[in-house]
Amino acid sequence: MSGIIDSYIPVAIFLAVGLIMPPMTMFMVKQLSPRSKAASKYTTYESGSIPTGTARIQFNVEYYLYAIAFVLFDIEVLFLYPWATVYKGHGITSIAVVEMLLFIFILLFGYVYLWKKEALTWVK
Amino acid sequence: MNELMYLAPEIVVVATGLVILLAGVFLSPRSKNILGYLATLGILAALFLTVKSFGLLTMEGLQIGYSVFSEALNIDALSQFFKLVFLVVALIVSIAAIKYNENSDHTEEFYTLMLFATFGMMVVASANDLIVLFVAFELASLATYALAGYEKQNPRSLEGAMKYFVIGSVSAALMLFGLSFVYGATGTTSIPLIAANPWLLIENPIGLVAVVLLIAGFGFKMALVPFHMWAPDTYQGSPSVVSALLAAGSKKMGFVAAFRIFIIALAALQPDWQFIFTILAVATMTFGNVVAVAQTSVKRMLAYSSVAQAGYIAMAFAVMTPVALGGGIMYALAHAFMKAGAFIAAGVVVWMVSQEKTGNLNVPDHLDSFKGLGKRMPLAALSMTVFVFALAGIPPTAGFMAKFVLFSSTIQAGMAWLAVIAILNSALSLFYYARLVGYMYFLPPEGKSVSVPFPYAAALLVAVAGVLVMGIWPEPFVELAMKAAMVLV
Amino acid sequence: MTAIPLTFYLGLAALLFSIGLYGVMTHKSGIRMIMCIELMLNSANLNLVAFSSYTDTLNGQVFAIFSIALAAAEAAVGFAIFMAIYRMHDKINLNELNILRW
Amino acid sequence: MIEIPEFIIPLIPWIRGVVGLVLVGAIFLGAMGAVWLERKLSADIQFRYGPSRVGKFGLLQLVADAIKLFTKEDVRPRNADRLLFDNAPIFMMSSVFLMLVAIPVGAVFINGVQYPLAVTEMDVSVLYIEAVSAISIFGIFMIAYGSNNKYSLLGAFRNFARMVGYEVPLGITVVSVAIMTGSLNIVEIASAQGLHWNIFLQPIGFIVFFIALMADMGRLPFDQNESEEELVAGWITEYTGMRFGLGFFAEYIHMILGSFLVALLFLGGWNVPAFVANNPVLGLIAPTGFFLLKTVLVLMTIIGMRWAVPRFRIDQVVDLSWKKLLPLSLLNLVWAVGLGLYLGA
Amino acid sequence: MLPVASLLILVPLIFAAVTFFTKTKDQAAGLGLIGSLVTLGLTLYAYLNFDSSTAAMQFYESIPWVPFLGINYSVGIDGISMPLILLNAIVIPLLILFSWNEEREAPNRFYGLILTMQAAVIGVFVALDFVVFYIFWELTLVPLFFIVNIWGGEKRAHASYKFFIYTHVASLVMLLGIFGLFYTALHQTGVPTFDIRELIAQFQFFGSGLMKDAIFLAILFGFLAKLPTFPFHSWLPDAYVEAPTAGSVLFILLKIGGYGLFRISLPMLPHTGNPNLMIMMLGLLGSFSIVYGALLALRQKDLKRMIAYSSLSHMGFVTLGSAGLVALSVSGAMFQQFSHGLIMSIMFMSAGVIQSATGTRIINDLGGLARKMPMLTVLMMVGFMASLGLPGLTGFIAEFLVLTFTFVNLPGFVLLALLAIVITAGYHLWAMQRAMFGVYNEKLGSIRDINTLQVFSMGVIALLVLYFGLNPSPVLNMMIKNSEAIVSLAAGLGV
C-alpha cells in the first residue's frame, strides 16, 4: 500500500514542477519582452487576409467515427494489459492463451465488420 | 470442456450473432433476407439445447445446479427457465423481424444486436457473480439502446431510444454504485459468498444504501412505477419488434437479475427490500392500469399494461413464498408470450398503415387503425384478441394460469389485501383490453382487407400457440417454475 | 505515509455521483448528459477501487476495468443516438424533443 | 553496503523526486542538443551547412534562439479564448514531465546488482507512460480551440484523428512486448531482455511500434497537424515567442522520450554481457553509455526519416493505422503468444 | 359407456372451430345445427342412461392436469346438472333454426360463437374441479361479449362492456373465494386439491367462522351477480335488451349462477359461521328480486326490457327456493331454472320477431298484432301464460313448489313474494293485451307472420312448456335426490 504511494511521490513532485514551469517561464518572458500595441497585431492569422467567420467549426462526422472506433479498441487493449502480466508464470498459461485468443478472435469480427462497412475509410 | 456443454445455448446464440454480422457485410442487400432465417434457426437450436438441458438438472430425482467458469456462472433451474423465456421472445421477434427487415440495408445489424441482447439476458439469468451480472446486464442494455433507435429516419424511434438510453445509463450507474457498496460491505463479488456472510450486510449501514440504489437501478429496467418514465415512450417509439424484445425480454432480465441479487445475495436484508417492493408493486400495477385506460396509441397502451404486469410479477418479491416466486417466474414466461405477441400484432397493424399510407401516419398504431381489423386482417385481430384476453387473465390462456398461481399464492401467504388489489387491477385492465377488442371487431373497417405476411403470421402463431399451450397444459411450466423457485429459497 | 481513510474515498465518490446525477437531471444537452453519466459511473469505479484496496481483494479492480469498458461502449452508443437525432433535428436539447407524450 | 539511517527511509521517495529534477535539466539540454542535431543532420543530408555562425559548428545557435524566444513579445489574438490559450502549455509540459519521471535513463551495476537510473519505479510504468503521454493532446486541442484559428483547429482535428489511429497498435505492441516478461514494469521489461532483444523476437512488432510512435510524436511523415505548406503551422499557428517555444520544446522532449522507449522496449535497454556488468568500473558506465548510444541512434533515425519519406495525406495516415498497423499488431500479438508458449515450454 | 361429459364440451367446441372457417351462411348455420344436434343426441344418450335414483355423480371422468396444485380435469353429471344440460341441448338447435332466415353479417362467427357458448355453459355444468369450473365460467363471457357487441342494438357497446366488466369483477371475487377455500383446505390437510366436492367437504373443518363466512360470501357474490339477484343485477337489463334475439336467449340459457348456488353454495351454507343469517340474506334477496323485478317490469314501455325485468323477477324464485332449504323447495328452484329457460326463450324470441317485423319494441306503438301474426300470438300466449304462472304450464309448477315449500321455513319472505304474483300477472296481461290485441296500429304498415322455421322452433319449446307443465316428473325426478342430499346436510346440522 504505502509502497505504491511511495513510488508516486516523485510523480507528484514532477507534476508540481510541470505545472509551475510554464507560467513561470511566461512570467519571465513578460518581464523581458518588449510591448507594442497595434490593433492588427491581435487579429487571427489567416494567411494575411482578413479573417472571416468563427473558427469554432462543426466537427466532421468522420472524426467522430474514428473516435468511437478508437475508444472501443483502446478499451479492448485495456483488457490485454492485466492479462499480459499473468500470461507468464502464473501457471494458467493455457487458459489465459485460449481465452485471450478467443477474445481477439471475437474482436476481429467487429474489426472486419467496421472495415467492410467502410467505417475505417476516410473519404467515402 | 464439460463446462462448455452447459453453456451450449449461449454459445450457439452468440456464434449465430457473429456469423450473421460477418455474413451480412459480405452478402448483397437482396440476399440479406436469409439472415433472418439463419437467426431463427440459431435461436431454435439454442432453444432446443436449453430444453434439453433441463434433463441435466435433475439427477436421481435431486435438484442440482452447476457452477461453471470458476463459479462465475450458475446453471440451475432458474437460469434455464429464464433462458427459455428470453429465447422464446427472441424467437418470436426474430421471425417477425424477417418481414420487418425485408428491404432493410441493416438486417445483419438488427439480428446481431438482437442476438447479443438475448445473449446478455441469458448470461444475466445464470450470473453467479456481480461482475458477470453487471457486464451481461449492460451488454443486453447496450444492444437494446441501439435497437430502440433502429429506425434512424423516424424521430419517434430516436426519441424513444434517447430517453431509454439516458435513463438506462443512469440506472446502470445507480446499479453499479449499489453493487460497489455490496462489494465493499462483504469484500466479495460472488453471489453465494455474499449470501454466506449475511451479518456483514446487516451490521453495515451501507447495506441499506445498497438496497435503495439497487432497487432504483433494477427498477428502471423492470419499469416499476417511479422508474417507469422511459418505458411508454420507448415502447411506443421503437419499432414494434424491438418493443416486443424490450417489454417481453429485457424487462424479464431486470427481474431475474433482481431475483439473483435480492433474494439470493441480499437475503439478509429481506425485511428492507420486501417492504419497498410491496409498495412498488402496488403502485406499479395501479398506476399502469389506470394510465393505460387513457391511451389512444395501442403500443403506448401495451406499454402501460406492461408496466402494470411488472407490478404483478413484483408481487413475488412482496410475498416471497416459494409458490409465489414460482408464480412470478411463470408469469414471466406467460408475459413473454403475451406481450411479445401483442407488440408483434401491433407491429402488423403499423406495417399495414405504412403500406397503405392511410390513417394517422404520425401515430400509426392509433386505436383508429385497429377499426374493423377483424375483417381486414382476421389472423392479426384474432391473435391480438387472444393476447389481450390473456393479459387480462381470461381463461384458458397463459395469463390466467400464471395469475392463478401468483394471486392464489398471495392469498396463501396471508396477503389477501395485496391479492385483492391485484385482482381489482386485473379487472380494471379488462376495460382497456376489451376496448381494443371492440375496435377490432365492432367498428366498421376503413380499408381493404390485407393478408398478414408470412413471417408476421408465423410469429403470431408461435405466440398464440405458446399462450394457449400454457393455458391448457400448464403442468410442465408450473413444475419448471417451481423448480426455478426452489433455487431461490 | 499514513493511509487515507476509506470514508474520504466514499465521500468523494458520493459527491461525484451526486454531481453527476444532478447534472443528468438538470442539463438538457445530450453531450452533457453523457458526461454526467460517465461521471456517475466513474464515481462508482472509485468506490470499487477504494473498497478493493481496503478489503484486500482484487474483485473491485477487475470490476472497475469492466465497468470502464462498458462505460466506453455506452458512451459510443449514446453518441450514436445523439448524432442521429442531431442530423434529424439539428438539436440535441432533450426538452425540445417531445413528440411522445400521453 | 552503505547503511542507510532509519529516519531517511520514509523520505527516500522525496529525495529521489527532488534529485530526479536534475534529470529534467539533462533532458532539456538533450532536447536542445536534439534540435541542433536535427538542424545539422538535415543540413548534411541536403548538402547544406546548417547552423554554423554561432559558436563552433553552430553549437551556440540554440542559446541564441533561447535568448530570442525569451525576449520576444507574447501576442495573444483578440478572439482567443484566454483561459485555454494561456494554460495549454501547462498540459503539454506536464505530460512531458510525467513521462519523464517513469522512464529509466540507464542503470549502474554495483557488484553485479542492477540499480536502474529511474526517478521512480512503478509496477505499471508502461501503462502509465502511455496514459500520461496522451495528456499532451489536451494541450494541443486547447491551443487549437483557444486560438480561434481555422488552421489551428484543422491541425488539431488531424492530430486527433491520427492519435486515435495509432494509440491502438501502439498499445497492442506494447502488450506483446510485455507478455514476454510478464510485467508492465518498464525496468523489468528492459532488463529481462538480456541479449535476446525484442526487435529480433518480434520484428513486426518493432516496425509497428516504431511507426506508431513516430505518428504519436507527430514526426514527419506524420506531421499533418503542422503541415507548414497548407496549414501554416497547424495547431501552433497563433503561438509566438516563448509560448511557441514551450510547445515546440515539449514536442522535442517527447521525441527523445520516444527514443528511450524504443531502446528500452525493443533494443535491449542497457543490457550488456555479464562480464562487462560484473566489472566494477565498466559496470558503472558501460550499460548507461550503451543505452544512451542506442537512444541517440534511434533519434538520428527518426530525424533522418524526415528527409526520406514525404508527408502522408491524412486519409493515408488513417488508413495506414487502421487497415495495416492494427492487423499487423494483432498478428504480432498472436506471434508473441506463440513465442511465449514456445519459449516457456 | 361414452365419456359423455367430455364429449358434451368437445363436440360443440370442435364444431364451433370448424364453423368459424365456413364461408356462406348456409354452411355456417348448417354446421351449427349439426353440431348442436349431435350435442342433443349425446345429451339424450346421457339422459337415457341417467340414473335418477341416486344423488351420486355419474359419467365421472378425472385426469390429472396440474398435479402440483392438485388440479384435475374432472367432470361428471348429476341431477343438478342434467336438467340444465338438457335445457341447453334442446334450445340451442331450436335457436339456430329460429335464426336461420335472419340476414346478418359474418354468419360463420355468429354460429361459431353460439356453439362456443354452448360448450362453455355445458363445461360449467359438468365441471367438478374448481379450476375447470372457473375456466368455463370465464369462457362464457367471451362469446356473449362478442355477440352483443357485433350484432346487438344501438347501445350495445355500453351494454357489453358493462356486462363484461361487471361479471368479470364478480368472477374475480369468486376466484378469491376459491383461493381461500383451496389454501385453507391445503393448510388443513396438506394435500392440494381443487376438487369441488372435496373442498366443500373440507369446508366444514375450517377453523375460523369469519374465514368461512368470507369465503362463502365471496363465492356467493360471483353466483348472485351472474344469476342475477337484486342489488347486483344492473348489467342485466342493458345486456338482455341490447343483445340480438339469439344473444338474449343465450343469456337466458346462462344458468350458471343458479347452478353454482346449488352445486357449491348450498352445500357450504350449513357450515358457515352463521348459517341462519345467510339463509335470511338469501331469502331476502330472493323475495326482493321477485318484487323489485315485477315492479320494474310493470313500468317498462319497452317490451324486451319488460321481459328482461320479468326474468330478474323469476330468477328471484331460484334464490328464494334455495333459501327455503326444503327438498321440494330446492327442487322447485332447480325446476324454475329449467322452466325459466324454456319460457324466456319463447318470450325473447317473440320480442325479437316483433321487433324485426315492426321495427319497434315500444308496447304502446304496437297493437292488434294478433290479426297480422296469429301464429306468433298463439305461441307467445303460451310463453306469457307460463311466465305469469298459469297452472298446467311449467312456470306454475316451479313457482308453486318454491312458494309452498319455502313457506315452511321462511313464511315472511314468501308472503312478500306472493305480492308479486299479482303484479306479474298484471304486467304480462297488460302487455299482451296492448301489444297483440285490440286495434291494429296502421302505422306499422304491412307485416308478415313468422316463418315456418320460427314456428317450428318456438312451437317445440311451447310444447315442451306444456308437456313439462303437465308432467314435470321426468325432470323433477332427477333433481329430487340431489335436493334431498343438500337438505339433509343442512337438516343434519339443525339449520
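For the reader, a short list of remarks on this structure follows.
Chains here go by letter, A, B, C, D and E, matching the order in which they are written, and residues are numbered from 1 within each.
Following the convention adopted for this analysis, a residue touches a chain if its C-beta (ideal position, glycine included) is under 8 Å from a C-beta of that chain, and two chains touch if they have at least 3 such contacts.
It should be emphasised that the depicted structure is a prediction, and the values quoted were computed from it without experimental measurement.
Each step here moves to a touching chain, and the least such steps from chain D to chain E number 3. Fewest steps needed to get from chain B to chain C, stepping only to touching chains, is 1.
Sorting all chain pairs by how many C-beta pairs they have in contact places A-D at the top. Distance between Cα centroids is largest for the pairing of chain A with E. Centroid analysis (C-alpha atoms only) places D farthest from chain B. When every chain is reduced to the mean of its C-alpha atoms, the one closest to the centre of the whole protein set is B.
Chain A and chain D have Cα centroids separated by 14 Å.
The distance from the centre of chain C to the centre of chain D, each centre being the mean of the chain's C-alpha atoms, comes to 33 Å.
Inter-chain centre distance (chain B to chain D, centres taken as mean C-alpha positions): 53 Å.
Centre-to-centre separation of chain C and chain E, using mean CA positions: 65 Å. Across the assembly, chain D contributes no residue in contact with two or more other chains.
Within chain C, the positions touching two or more other chains are listed as 1, 62, 73, 80.
Pairs of chains in mutual contact: A-B, A-C, A-D, B-C, B-E. Chain C meets chain B in the complex at residues 10, 13, 17, 20-21, 24, 30, 33-34, 37, 40-41, 43-45, 47-48, 50-51, 54-57, 59-60, 62-63, 66-67, 70, 73-74, 77-78, 80-82, 84-85, 88-89, 94, 97, 99-102. In the complex of the two chains, the chain B residues touching chain A come out as 18, 21-22, 25-26. For chain E in complex with chain B, the touching residues are 65-69, 106, 131, 134-136, 138-139, 141-142, 145-146, 149-150, 156-157, 160-161, 164-165, 168-169, 172-173, 175-176, 179-180, 182-183, 186. Residues of chain B touching chain C in their complex: 130-131, 134-135, 138, 142, 145-146, 149, 152-153, 155-156, 158-163, 165-166, 169-170, 172-174, 176-177, 179-181, 183-184, 187-189, 232-233, 236-237, 291, 294-295, 300.
Chain contact summary for the complex, chain C toward chain A: residues 1, 3, 53, 62, 65, 68-69, 72-73, 75-76, 79-80, 83.
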